[in-house]
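Across the two complexes that follow, chain A remains constant while its partner is chain B and subsequently chain C.
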Partner chain A sequence: MSDIDIKRISYLAKLKLPSEKEEFYTNSLKDIIKWVDNLKKVDTSKTEPLHNVTEKTVSIRNDEVSKSNSVDDVLSNAPERAQNFFKVPKVVE
Partner chain B sequence: MSNNWEMVIGLEVHAQLKTSSKLFSSSPNQFGSEPNENVNFIDSGMPGMLPVMNFGCIEMAIKTGYALNFKINKYSVFERKNYFYPDLPQGYQISQFEFPILSEGYINIDSVDNQKKIRIERAHLEQDAGKSIHDIDPKYSFIDLNRVGTPLLEIVSYPDLSSADEVINYMSSLRQLLMYIDVCDGNMQEGSLRADVNLSVRKKGQELGTRCEIKNLNSFKFIKQAIEYEFQRQINIIDGGGEIEQNTMLFDTSTGETRAMRSKEFSHDYRYFPDPDLLPVNLSQEQIDKIKPLVGELPQDKLNKYVHNYSLDKEIAKIIIAEKQNANLFEKMISETTVKPKFIAAWLVGDIFAFIKENNLEVNNLNDKTKDITDLLRLISDDVISNKAGKEILPKVLNGEGKPSELVKELGLEQVSDSVELEKIIDDALVGEEENILKFQGGSDRVLGYFVGKCLKATKGKGNPKLINKILLERLKK
Partner chain C sequence: MKNSISQIKKALIEKKISVGELYDEYLAKAKSGNNNSFNLVIDKENNISSINYSQNRYDNGNPLPLDGIPLGIKDLFCTKGIRTTASSKILSNFIPNYESFVTQQLLNDGSIFIGKNNCDEFAMGSSNETSYFGPVINPWKSKNSQKDNLVPGGSSGGSAAAVAEGSCVASMGTDTGGSIRQPASLCGIVGLKPTFGSCSRWGIVAFASSLDQAGPLTNCVEDAAYILNSINKHDFNDSTCSNHQREDYLIDINNSLENKIKIGIPSDYLEDVSEDILNQIDNTKKALSKHGIEFVDVEFKTTEYALSTYYILAPAEASSNLARYDGVRYGVREDGESLDDIYLNSRTKGFGDEVTRRILIGAYVLSAGYYDAYYRQAQKVRRLIKNDFQRILNEVDFILTPTTPNEAFKIGDKLDPISMYKNDIYTVPTSLAGLPGISIPSGLSKNGLPLGVQFIGNYFKEKTLLQLAALAEKELSFNE
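== the complex of A and B ==
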């Protein structure tokens, strides 16, 4: 079984993990992986991969415009607003 | 020093598709609107909203497939590429990963002495992100989500490019093709076409080196600058005994330098998985075949037609096919007149393009003037007016100051093509020129030019030079 880097996983998921909880979550994830490893024992060499349980194809629409929400609708949940922009703590790459 | 080094480049080009609505929502796909004007709850990533595929995007992808010689895949799958950034409210970008809609294409580009085939690994559909504006407030970023969900086709080449010039040629050929098939407006300044450059260096003949990716270049000038800088940067590191670290770089347009993006505590892992909100795309052969006729004539088809059917010089034909709107204007004129295409082409790439450039116009601005233009060209090619007079009238015609025939009359530019009248003028001009006539008959051709000039002057420049020439020769040979 692969090692679990709990710090990296919580970073990627943007979750703050208290250090005393790290061991608990590491073990929980290990249990999940153990279960997946069990599944891997099934011989699937002759099975086509399936990306969706229904056999259907994606539903489509024609390329037509309709406006369903106003700027105010869209900004109504914004943590902060400046004119018609969302205002967020500075993030620069 | 850098003579022993060569660069190896692969390109990821993002082309915004010019559909009316977005990839998975019916919000307008439009540049330049007021902030957050073109956003609905799907675009802003509200919980419970479901994406619905815009078939217009599939059609455009298929057209691109035909134009870039791709294998068009009937089966493709949308996946989630997970990362956090304020201008990506869903927390993931919907993209295609393992099963893209197009694979294994190529285009031919002009290289140093001949054509070079550039292989393209794949092209896939994905959503664009929003825009963050960092320079309004020192502490805050301002987010505009208008661009969220704009359909992108990401076109990923193999590392077949080996100089900045080749990259520029590849990029402009792509741009030309995408504009011809009407799937992208090609406006690089507005970000409709952007490139990520993957570059590594190696000593000639050696194995591939470690590559760095320069993100988000949106002009030919910046692409060239970034490549030249990055090439030298990597050589300097290796020459100094160092090693290249695989990195994502940003190009600073003010300094012309590349720099690594702020290093991350952990490397990225996008944790792709098939988007449970979207079923796989399953196209029928019939759906794909139906798109083929919509591709239309490609630049190479037009080039062949212009050279072989219309007898244009290749260089002139290339200028006309460079932009689809040039070709459209040219073909519209051909369809409206019996003046020879070659004659039209010469005026088009000469005085007409010069006029467009001087007046900061678009080629399309002349679409409703083609009849007047070809009427004028008819007058010139029929020798009703001289070439020189044509050049004088053209700007007035293009400015809409009048019909060509009226302008010719108004300005008194009608050419004298009446041979009786011209014969009289020529006879007068030859009076007292016995010495020169003898010179001509003794074999001095230069004297002919002198006589033509003299006769033209006598007609105040309005005499038909061809006719004058002809009559003069008859007279002088007597």
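== the complex of A and C ==
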């Protein structure tokens, strides 16, 4: 097992761990990754990955337009809105 | 014994109690409860029109299947106009403007929601200690240490405690790796996880989409059949929801199973278990043997890989599902100077320790360089686990296992995540295989705490699974 680069992983997950917690999470992850490492000894050379366990059940509706949420519904939980938009700090200069 | 749905309906039909009085009775218990089993309780005036409509239907002699029944709903189901938090800080202000498919079916059938049950944050936990609103307390106490507060199990711990303390008739829970069955077992009630793909996941706050499944926590097996009849329907809004014909689970539930039944007991599950747990299996075996049911030993080849597989796949799916919490569209926003700061601050302050840990595990096993070794390998081993169950279910009709490896433990006792994860050793394999499982109370431990056994059936065979569970329940007479 390679070392855990906690800064990189938390960046990927859009989390900013406080520095005093970095070690806690690093150790925790190390323990868990070591614990799940036993899967590596399973021979899966002839096995396909399983995505949907009941496999044959997938059902897809016809592509027909239906009326659902209104703009107000969608924005009703927004922390900040401006007219019909979610409001965030300026992204482009 | 607490009243079952059919007993309550009988009292309502015979006008021994009104829908409003029934609601008052449960509401008083929900409000005075000391177990923190609800994140939110709904006052009578906010349900008054549903109560009145329900009473009218009784008065007119045409009540709906769940008419007037006060239900708890795990705070993971979106309920229209009612705060839905997933027991997380990040959703602590979220009021959905739509109703989940499953809860809509329960409303259509006349039931009345008494409140939202506490649970582990985003359903990640086995003890209900990760909730932002504090731990739930198990209504049961050890006879040797009455003062100690015990965990109710998790993640549907509030649901299980509420049913056990009698503050709702039944509760809707969700199960990803054991979150219905494990708390049901630790609280001495019934918990059913249907086949993956039975009940729509639409409107349930997502944790691990290939595993999440809704199901009831109830006082008895018959109540589970009542609820399953209501919620087990096809829904196009969940593309993994199966489009097959559902059965009536209530009819014939107390009739003996038609064919000769063979039940497998996995010997590898019973290595190193305590006497308390072995007793549950022995008692169940004894109780059912007199009905001509045959028991045989079976052995899984993949059990030792189940937890590892689960703790790669579930966090991977969670890290992806929880990417939606960004502080922009809904949920709690923490300020930041840039958009990126808003993302980082909202997520870092909004998620608790266990959720953060699982997002990090998920991000790790999905990241470049590790994806094939962990995530893809786990998906392959998942197929081997499924094949292992299919091999055994070709030999036997059902599988009998303990539900949990131990009785309810003290709040704060298990601090190390791996020892917590091991609580789900008997429930996780079934979840990975997508099979239905039901936990029923089977007896008490030496400390006087409830324990349960789990029956596992074949895909979409909930009807015979419930018939078997009803028979075992009658013979074990835990509630009497």
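Annotations for the structure displayed:
Everything that follows uses one rule, which is that the second predicted complex is superposed on the first by the 90 of 93 C-alpha atoms of A that agree within 3 Å, B and C clash if a C-alpha of one lies under 4 Å from a C-alpha of the other, contacts with A are read in each partner's own complex, and residues count from 1 in each chain.
What we mean here is this: a contact is a pair of C-beta atoms (placed from the backbone, for glycine too) under 8 Å apart; a residue touches a chain by one contact, two chains touch by 3 or more.
This one's a predicted model, so the numbers in the text were calculated from it and none came from an experiment.
In the superposed model, A:N52 makes contact with both chain B and chain C. Contact with chain B, but none with chain C, is seen for A:D63 once the two complexes are overlaid on the shared chain.
After overlaying the two complexes on the shared chain, residue contacts for A:V91 are found with chain B and with chain C alike.
Once the two structures are overlaid, the count of chain A residues touched is higher for C than for its counterpart among chain B and chain C.
In the superposed model, A:V71 lies in contact with chain B only, and not with chain C. Judged by the touch definition given at the top, the superposed model places A:N27 against neither chain B nor chain C. When both complexes are overlaid on chain A, the residue A:P79 reaches chain C alone and has no touch with chain B.
Residues 8, 12, 14, 51-52, 54, 57-61, 69, 73, 77, 80, 86, 88-89, 91 of chain A contact both chain B in one complex and chain C in the other.
Those residues of chain C lying in contact with chain A across their complex are 93-95, 97-98, 195-197, 210, 234, 236, 239-244, 304-305, 308-309, 311-312, 319, 323, 326-333, 336-339, 341-345, 347-348, 351, 356-357, 359-364, 367, 369, 373-374, 376-384, 386, 417-418, 432-434, 459.
The touching residues of chain B, when paired with chain A in their complex, are 19-21, 26-29, 34-41, 44, 46, 52-58, 77-78, 82, 84-86, 99, 132-134, 136-145, 250, 261-262, 265-266, 269, 271, 274, 276, 278-282. Per the touch definition, chain A reaches chain B in the complex via residues 7-8, 11-12, 14, 51-52, 54, 56-69, 71, 73-75, 77, 80, 82-93. Chain A makes touch with chain C in their complex at residues 2, 4, 6, 8-10, 12-18, 25, 28-29, 31-33, 35-40, 42, 44, 47-54, 57-61, 69, 73, 76-80, 86, 88-89, 91.
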